[in-house]
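Input: one structure, supplied below.
Per-chain numbering from 1; labels A, B, C and D assigned in written order.
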Amino acid sequence: MSKGRLEAFSDGVIAILITILVLELKVPRGADWQALRPLLPVFLTYVLSFVYLGIYWNNHHHMLHTADRINGKILWANLHLLFWLSLVPFVTGWMGENHFASVPAAVYGSVMLMAAIAYTILKNAIVAEHGPESKLAAAVGTDLKGKVSVAMYASAIVLAFVNQWFSDILYIFVALMWLVPDRRIESKVAA
Amino acid sequence: MSKGRLEAFSDGVIAILITILVLELKVPRGADWQALRPLLPVFLTYVLSFVYLGIYWNNHHHMLHTADRINGKILWANLHLLFWLSLVPFVTGWMGENHFASVPAAVYGSVMLMAAIAYTILKNAIVAEHGPESKLAAAVGTDLKGKVSVAMYASAIVLAFVNQWFSDILYIFVALMWLVPDRRIESKVAA
Amino acid sequence: MSKGRLEAFSDGVIAILITILVLELKVPRGADWQALRPLLPVFLTYVLSFVYLGIYWNNHHHMLHTADRINGKILWANLHLLFWLSLVPFVTGWMGENHFASVPAAVYGSVMLMAAIAYTILKNAIVAEHGPESKLAAAVGTDLKGKVSVAMYASAIVLAFVNQWFSDILYIFVALMWLVPDRRIESKVAA
Amino acid sequence: MSKGRLEAFSDGVIAILITILVLELKVPRGADWQALRPLLPVFLTYVLSFVYLGIYWNNHHHMLHTADRINGKILWANLHLLFWLSLVPFVTGWMGENHFASVPAAVYGSVMLMAAIAYTILKNAIVAEHGPESKLAAAVGTDLKGKVSVAMYASAIVLAFVNQWFSDILYIFVALMWLVPDRRIESKVAA
């Protein structure tokens, strides 16, 4: 089975999600700088979610680039990942409009946690199809970053009820950690 | 005539529909758990429709993968299917916001029924192009699942006026029945 | 220059437009049949515009399928066509919500007229690139249907101010005339 | 690493942005010519932004067409460009609804300035990958137009606070300057 349509469909969904995000930035009534001020937290949450979706697209791109075959399980694991990513605009809008509240920050982290778990399930399904001795399995390795991300999202959910700034800092940290994501796979593939 | 653009266009439309669905999940006013409660039925309807659209994309993918040729009739049968699928966000929003009402549940089922019929028309158009002796015709077989689905949607429309929970259960049952959809075609293609 | 990205971009834009159309169908407040009644004219206009965009995608598909080369002029002629098509959701919403008013019906026709002219410009740019002796030029022929469409749109714009039902009938007639569009090109290509 | 998915993803995002733009054109209440009048500035801003996004897609198309290889840096430079372009619908809506105000005109120019800088960064990343002696580097040349654009956007931001018509004229001038964009690259590639 070809992976072309799976990539195209995933690209389509992620491209639409990353663009629909901006609809949460509602055009303000006024026409001065003052009118932009209440949009600042929404804008910052927008930037964070844009980077997250960019990271997912980027990693998805790399992982599937090394894959040779697709099966029904992988198709559904991929749709499961897209499901959680599809909730990103909703939680971005909610957290952006209630920036100092605990529950939206915790719900944001929960969606990110589920997306990270869904990504791991997808990765395992692809590795299972290609075998533990495959180039892909070697390139993905122990996936330390993935495990650290899951732990950080879980911590952020709990810490949101102490002080939601802790969650924000953890979310930013995870994003920065992934912003240099591909070297490992890239170098293995090159080698 | 190449099938590449037909697949790309269908992928695009289904990807956008599955993403636009989430716009029915409106960001709530409050910032506590209480604010999320009224969204629960909308969310569950969202999950159901997401799975349905995922199933359609998945089956569409498999059916066209086995197809070799496309003609004008197939193009229009495909657009006809996309038309009914394009109404999914509308009926999802309506049923989600009126979860215990009969009419929205019946209208939801009607759109699903029409989409199932449109899928059968598309399938027949593709089989007609490839001939009854083709690999595709053998893989699709008697399409028992498709016939059961149509019967269940029809029942759900009627039963919605008795008690809309019957409809909900039938909708969930059809979704579960299709969640393991591809084995049959996959194994035939492999053989 | 390859035509792949031009097709992909056009497919993307048309797929999004055909899907965004449905956002004009606003989820009604009530939960009974009564609540659906005011949506009927919006729905019928939706069906009309869906068919129009389907026809454009279909014809665009066929025309570019026969094209071998793309140049800068064709790229911009294509964007010009997409510009007028991008106004379809707006005029669909306006005509749908004011179904018995002259001005929205006339504006709908104006956008369709401009799209038809833009399509002709695109066709001429492609024919110019391939030469009047090319397979494409032969397949397109005298384009009688295109000329009839332009005349009908122009009539519909004027007649909207007499009685907008005349415009509606003309719009439906043009759609039906194109619903069997491809035979001519298909047969020439086959031959 | 293949450039196919990068192009597909960029096409997807730009296609969605160019289509989402039209959502700022809200269907008016009335059904006469009078109802359209307040939409005129929104419409004109829409045309301007549509042309800008068309230019970006066009230039992006040409630049990547000449590229042979992609790396992680290019992926992120591309996402950075898409980020600034994703703000175009927001600033278009804001400027369109406040056409005679300075701040929206200046913010519009700022987003355009950032997008132009992001495009330069992307270009430099691609040139760096291919080397200064490459066909691409030769085709791109000194990028005089890019430098003039940046200077004009910067001027437009400042002049918006004198009189926002100056900004409008500069924005239109930059668009016209790019509307004949490709000859240079096209001829170099042909040669």
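In this section, a residue touches a chain if its C-beta (ideal position, glycine included) is under 8 Å from a C-beta of that chain, and two chains touch if they have at least 3 such contacts.
Keep in mind the model is a prediction, meaning the values are calculated, not measured.
> To bring chain C onto chain D by a C-alpha fit, how many degrees must it turn, rounded to the nearest 5?
The rotation relating chain C to chain D comes to 90 degrees.
> Which chain has its C-alpha centre farthest away from the C-alpha centre of chain C?
A
> Regarding the chain A and chain B pair, does the interface count as same (over half of residue numbers shared) or different (under half shared)?
Mostly different residues: under half of the interface numbers shared.
> Using mean CA coordinates as chain centres, what's the gap between chain B and chain C in Å?
The separation of the two C-alpha centroids amounts to 26 Å.
> Counting only residues that touch at least two other chains, what does the list for chain B look like?
Each of 8, 12, 16, 20, 23 in chain B touches at least two other chains.
> How is the touch graph of the chains shaped: line, ring, star, complete or other?
Its topology is that of a ring.
> Taking the complex as given, what residues does chain A use to touch chain D?
7-8, 11-12, 14-16, 18-23, 25, 27-28, 31-33, 35-36, 47, 50, 54, 57-58, 61, 65, 179, 181-183, 186
> Please output the residues of chain C touching chain D within their complex, sorted ascending.
Those residues of chain C that touch chain D are 1-2, 5, 8-9, 12-13, 16-17, 20, 23-24, 71-72, 75-76, 79, 82-83, 86-87, 89-90, 93-94, 97-98, 101, 103-104, 107.
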